[in-house]
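In order of appearance the chains are A, B, C and D, and numbering begins at 1 in each one.
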Amino acid sequence: MTAYLLKRLAIALATLALASMVVFAVLEIIPGDPARLMLGLNASAEQVELLRNQMGLDAPLAARYLRWAGGLLSLDFGRSYTYSVPVIDLVRERVVVSLPLALIALALSTVIAIPVGLFSASRRGRAGDTIAMGAAQLGVAVPNFWFALMLIYLFAVWLRLVPAGGFPGWSAGVWPALKSLLLPAVALALPQAAILARVTRSALIEVLHEDYIRTARAKGLPYRAVLWRHALRNAMIPVLTILGLQFAFLLAGTIIIENIFYLPGLGRLVFQAITQRDLIVVESVVMLLVAAVIAVNLLVDLSYAVVDPRLRSRQ
Amino acid sequence: MKLWKTILTAAALALAAGTSAFAARTDLVIGVTLEPPHLDPTAGAAAAIDEVLYANVFEGLTRIGPNGEVLPDLAETWTISDDGKVYTFKLHTGVKFHDGTDFNADDVKFSLDRARAEDSVNAQKGLFAAIDTVEVVDPATLKITLKNPQGSFLYNMGWGDAVIVAPETADTNKEKPIGTGPFKFQNWAKGSSITLVKSDTYWGAPVSLDKAEFRIVPDAAAAVPALLSGDVQAFPFFPDLDSVAQVQGDPRFKVVIGSTEGETILSINSKKPPFDKLQVRQAISFALDRKAIIDGASAGLGVPIGSHMSPASKAYVDLTGLYPHNVDKARELLKEAGFENGFKATLKLPPPPYARLGGEIIASQLRDVGIELEIVPVEWAQWLDQVFTKKDYDLTIVSHTEPNDIDIYSRKDYYFNYDNPAFDKIIAGLNLTSDEAKRMTLLGEAQKILADDAVVGFLYELPKAGVWDAKLEGLWENAPIQANDLTKVKWTD
Amino acid sequence: MTLHIDISEENLAGILAKAFRNRSFLAGFVITALVAAVALISFFWTPFDVTRLIIADKTQGPSLTHWFGTDHFGRDILSMIMVGARNSIAVALVAVGIGMGVGVPLGAFAAARGGIVDEAVMRLNDLVFAFPALLSAIMITAIFGPGALNAIIAIGIFNIPVFARVARAGALAIWPREFILAARAAGKGRTLITLEHVLPNIVTLLLVQGTIQFALGILAEAGLSYVGLGTQPPMPSWGRMLFDAQTRMVAAPWMALFPGMAIAVTVLGLNLLGDGIADILDPRSRRQR
Amino acid sequence: MNLLEIENLSLTIGGTPILKRVELSVAPGEVMGLVGESGSGKSMTALTVMQLLPWAARATGRIAFDGIDILAASEDQMCALRGDDIGMVFQEPMTALNPVKTIGEQVAEGIRWHIRASRADAEERARKMLDRVGLPAAQFPLSRYPHELSGGQRQRVVIAIACALKPKLLIADEPTTALDVVLQAQILDLLRDLVAENRMGLLLISHDLAVVTEMADRITILRHGEVMEAGDTARTLSGQFHPYTRQLAQASMHVPARAKTQEVGQGKPLLQVDSLTRDYPGRRTSLLKRAAPIRAVDDVSFSVDPGQSVALVGRSGCGKSTLARMVLALDGPSSGTIRFRGEVITGKSEAELRPARRDMQVVFQDPYGSFDPRQKVEKLVAEPLHVLEKKPTNTERREMVAKALHEVGLSPRDMDKYPHEFSGGQRQRLSIARAIITRPRLVVADEPVSALDVSIRAQILDLFAELNQKLGIAYLFITHDLTVARAITDQVMVMHDGRIVERGGTSEVLDHPQSEAAKALVAAAPDLHRAIARRLQEQG
């Protein structure tokens, strides 16, 4: 078990290190000079040069990489070019929006998908299954940003049930804050739930063909009990895999949704930062998201071991 | 449908119970499209800074009024010497900065000297170029001597870049702005909103709002829902012109179409062949159908222009008849220039809708006369870098929103690459003239030259559509400068 | 996760006969064929010329002349959807091509060599997977500028590890088979065995993944164009149409409705097709029905 | 009164008839053997009794268990019966247990479900049951997971689950087919004891006539879903009145007609193996440390002469397949050398191996898995031609394939078919055709008949024998089945724990084994002759 975990950890760290080089290299070749952008239309060439020097943009590549990577390790992400505040502060402000949003969406998608998947698998081929899976097919096919637009017009504009967007901040109270995350969470969660329900169903059906299911049935357990006690846990591994992938997607892939609902989250921060060439923010946030994805994958690997004793005892 | 809506709405009301108040409102959420990069108007060009802070948090010696007029602000009165070179300002007394310190003439001297210093980061140093010396006569009196008379000096002092800051807080204004205005800064939730609250120590007429939140709504698509759902009560610069017509019919909202100082033009790199040929540029002007462009890119709300001057300006000369939409004429001119079969070029478009939408229409119109344009969308960063700085472009669309900025065509190395000594001479003369009538004549001539040379494709004056709650009053209808002056705003309930 | 590679033991005619009895496949096939046909027809004929802007006709609702209404430039939305189909299809198809072209050889190679090579390829995969796809696509288009070509590259890059993974998993399930041993005993090398025995047996697997990635590609293109980084005007694309529609949702809802439906229907068709293929080729589904 | 009474049972699945008018009964304390070749409907009969059939199945007739009409019983009634009054043991112990639950949980689950016992009570009973099936608490605590057990141990757990509540009827569907002979004997002993202890009825399903004869009081022979013959085991098999029964019995005991081998030994041996050892790296215990390597083949030396047929027998996991792979140069040894035709083939590159490969071919166990389903027979059979120095032309190739097919008793017209169009036996013929197409001097055959039904097996053994005579091919036969070794080989090598512990003439070793390992193998191997004799003796 420890060997398995140590190996996963080592791989995760190596991936992280490699990813940091990729991110740094990629941002090196993005066209557009941040110094020029900060100074605006009328700045002289000397002013731009001075600022470049102040920002350390004229140091050699390797030196800048090492300084940046070293900073990351000590949680010093540098200062935003456009906001001129420490990046870590920006990130802290945004994470309290993006993380709850991703978690709510993930919870929502799980709560919807697992029962639907169980229902469908246990009724394979019958009307209920066909309807549920038809709905899931549709859910997968609808682009989530389009779905978000439809939701806004239905629930925010027409029914005025929830805010159309924006985030009042947690200081405005938990309920108003949650309310403003509800619609984006639904827009994010439903397509993901559709995918997860399909995976749950097919994983269950796969497991239901296994010999040990027959053994359990021969024991006298009714079908339902077999489904819950024997099939579900064995079907968890593909479901966990997808959950891991979805969390990564939800945490980072919310750029469009955050823009539609104008939520001040990480996705929008990075999108704005890219267009404004606030490279230090882009680098840091992308690295943070990558680290989150890697951490979640590690967590998923860990949970495999919890679910599957074969992995636990593998030395 | 209807029944459902009733039921669901009832449920919503139950949820929302306890949040509504019946007393007249004193809070306001204003939607703005762009987030300011920081909060110091004396250290950045971004209009977004002024949109939040101008007249609300920071004040200058003078200020610009709702229709572009110069009004006294921190300076109660002033006198001008006969030679037009010495301005003596009498300042208000009892004025306090938001941090509690007193305001006096030393602060003004500090602010102006700081702005015009060698190492100044002020984005509009040109405003202060004429100043020779700034002297503090007494705490309430200030004397400014100019190098030469300048007709626009009082106007210049009303810009956001010329507001007065305190020496103690000047360096931290980017994060925590401290001014003398009726509102003080409370909080900036980055990427989301900036909140101002009423200042208790304000020297002037008290304002009726207690709290004003500038909500950042970068996505034009989100503006209508935000307005309809009541999250945002005012969009002084409504980003979604196409939806204006639809909001117009709604009694809950007031829609005001005003003018701006934004000359929207199809900029041409006039040193780059084939655009160095006058016939080519004229052909482009003939090929443009301004009405279609205005309809398609600005919901039919803009006013066509024929040169670089706002139709609202006193100096405006109507030159729109010079190049009527005429495809045959355009083709003929191209033929004269040796491009019978047309040519290919690129059109770089910055992000605003007027550019992106207008670009598509212009590309289609120029295709009709044989010019094939490749559309290249660019972010502002790239636009500044490639187009504005390196002049690596053929055509681009941009709105020049600075007021009275016809002089840009005389600037050396400006991105138009336009060079006409006759025009430069007029501008030079203009700077030395304070006589109003003479100035008008010169400005008229300048406009005529630009139109004759078809330096760029003059399109239309950018409209300003303000949309706000019908119960709200006191917001500016026009935009002589980009600002949201909240001093007179109140709810009428 | 165990991977069940079905080795179908039937000939083409049998498979086809089964295919057209499978509801998923049939529905998916009909929809996909219809979309492809519409895209093809658009090369020769559309109800209106989509390159001409007629501002006077802008944002008209659906009518007998314009079935799906007109857009903000007075273009016919039905015609735009027809022309947009070829763009969406082209982007997704080429992206899948890139993914398969690079990913499959990589995955097959990793499975054939095993050991350090396999480890290296898989770690490279991990690296790409660690980057949230849309974010990276936005970064790529930010570097090289927005446009259909860069969208293809951005989407294609993220298809590579997907296909590498599937190909590797499939190949790993084939390699221990006795017929591979037989081929090795006949003196055949890894490359030859991969070409002759491994790839033909994972083709169906790749086909199923291909339809899924194709559908995802269409969604991704729409997403990129929606944030303004995908296909650029004057070329119509479905995502681009939604981008134009987003500010006009209230005034001209049909501008958003029809392209959105075009995307959903196409993706639905492809997913059904993929499901159908998987169903037909999975022996277990046969056992059940 | 019979415990289980099946009358006139017919079964269709999706319209395909599976069982036709099957009659069968089991009395308390009686062992009923149900015998038949694959596809005869044995397992379906069992699943019908359990009512665990696929959805599309339709059964008619009557099944009475202890007075209950099973075909009319509701699902709830069946749940009450299953695991309580009827227990079932399956063929594949490796997959029959839920990998994520402990063996304790899995045994206790049925107990808790049926008699609503508390967790502690159920665990106590589970403990006792596991003790009873030979899994003592010291080595096999309840907290063990299935993957920590061997195949034989897992089958004991499955039996514990099935017998936990002392059912009246136990159905065992090929309970030992996946196990080696020694384990088979142990499991059969266990079943026999449990039946006797609890006066259970046992329905034992098997394809192996010898196993059933040893175990069953009565026997029912099934073919294509129909009962061919039923009755007392000893009488049925000794009499062999029914032609199918006779056919089955003879095939089970079939020995191909072979002229005694050419007493060779002239000149050099064809294959010479010297001190061959193969280690597999131990499992990683931490990032840097590994456990001691596992020695699969341990200092093995032997030789095979040209034309000689040698059997390599041993229990599963003894290293015989690893040895075979090294001989075929599909795997490299850790140390030692292999000489083929006098040349060292260990440590050679694939290109250098080509000449050796021409003279050395292989036949695998699984007639289904050993052909690429995507290719036609012509290409598959011609695959070894790849090693020829001169690539044959298309016509030459077709001729060679046609000849090989003819030699194994197939038609040259079969060349353009796909493998799935052939039956199991035909595929094994294809496999042999592929092996002989290059006219090799040595064929390594890894369990070549163990997946085949007895009647087919007899035919394939005949073919091997014929080819040995006709073409003078030497065989290295890997098998766990001593009857096969006896039938076709001149010499036997017994392998145990990676070593060859005994070697000698086939009949000599099998009749008078010297080593412990060989003795155990011989003692455990079911033998129809012996079993019938014993039955008759018991009955007097």
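Everything that follows uses one rule, which is that contacts are C-beta pairs under 8 Å (C-beta built on N, C-alpha and C of every residue); 3 or more make two chains touch, one makes a residue touch a chain.
Which protein is which chain? UniProt says A, C = Peptide/nickel transport system permease protein; B = Peptide/nickel transport system substrate-binding protein; D = Peptide/nickel transport system ATP-binding protein.
Since the model is a prediction, treat every value here as computed from it, not as a measurement.
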Common contacts of chain A and chain B, by label, are C
Looking only at C-beta pairs that count as contacts, which pair of chains has more of them, A-C or C-D? A-C
Provide the C-alpha centroid distance between chain A and chain C, rounded to the nearest whole angstrom. 22
Provide the C-alpha centroid distance between chain B and chain C, rounded to the nearest whole angstrom. 45
Distance in whole angstrom between the CA centres of chain A and chain D is 50
So which stretches of chain B touch two or more other chains? 219, 221, 224, 228, 351, 379, 382
For chain C, which residues are shared contacts with two or more other chains? 142, 246, 249-250, 288-289
Return all touching chain pairs. A-B, A-C, A-D, B-C, C-D
Contacts from chain B onto chain C in the complex sit at residues 219-221, 223-224, 228, 240, 242-243, 245-246, 291-292, 295-296, 351, 353, 357, 359-361, 363-364, 367, 375-379, 382
For the complex, which residues does chain A have touching chain C? 11, 14-16, 18-19, 22, 26-27, 29-31, 124-125, 137-138, 140-143, 145-146, 149, 153, 157, 206, 209, 237-238, 241, 248-249, 251-253, 255-256, 259-260, 267, 270-271, 274-275, 282, 286, 289-290, 293-294, 297
Residue positions on chain A within touch of chain B in the complex are 31-34, 36-42, 47, 82-85, 90, 93-94, 149, 152-153, 156-161, 163-167, 169, 179, 259-265, 268-269, 272, 275-277
Name, in rising order, each residue of chain C that touches chain D in their complex. 7-11, 177-179, 181-189, 196-197, 200-201, 287-289
Sites on chain A touched by chain D in the complex: 2-3, 6-7, 10, 210-212, 214-223, 225, 229-230, 233-234, 307-310, 313-315
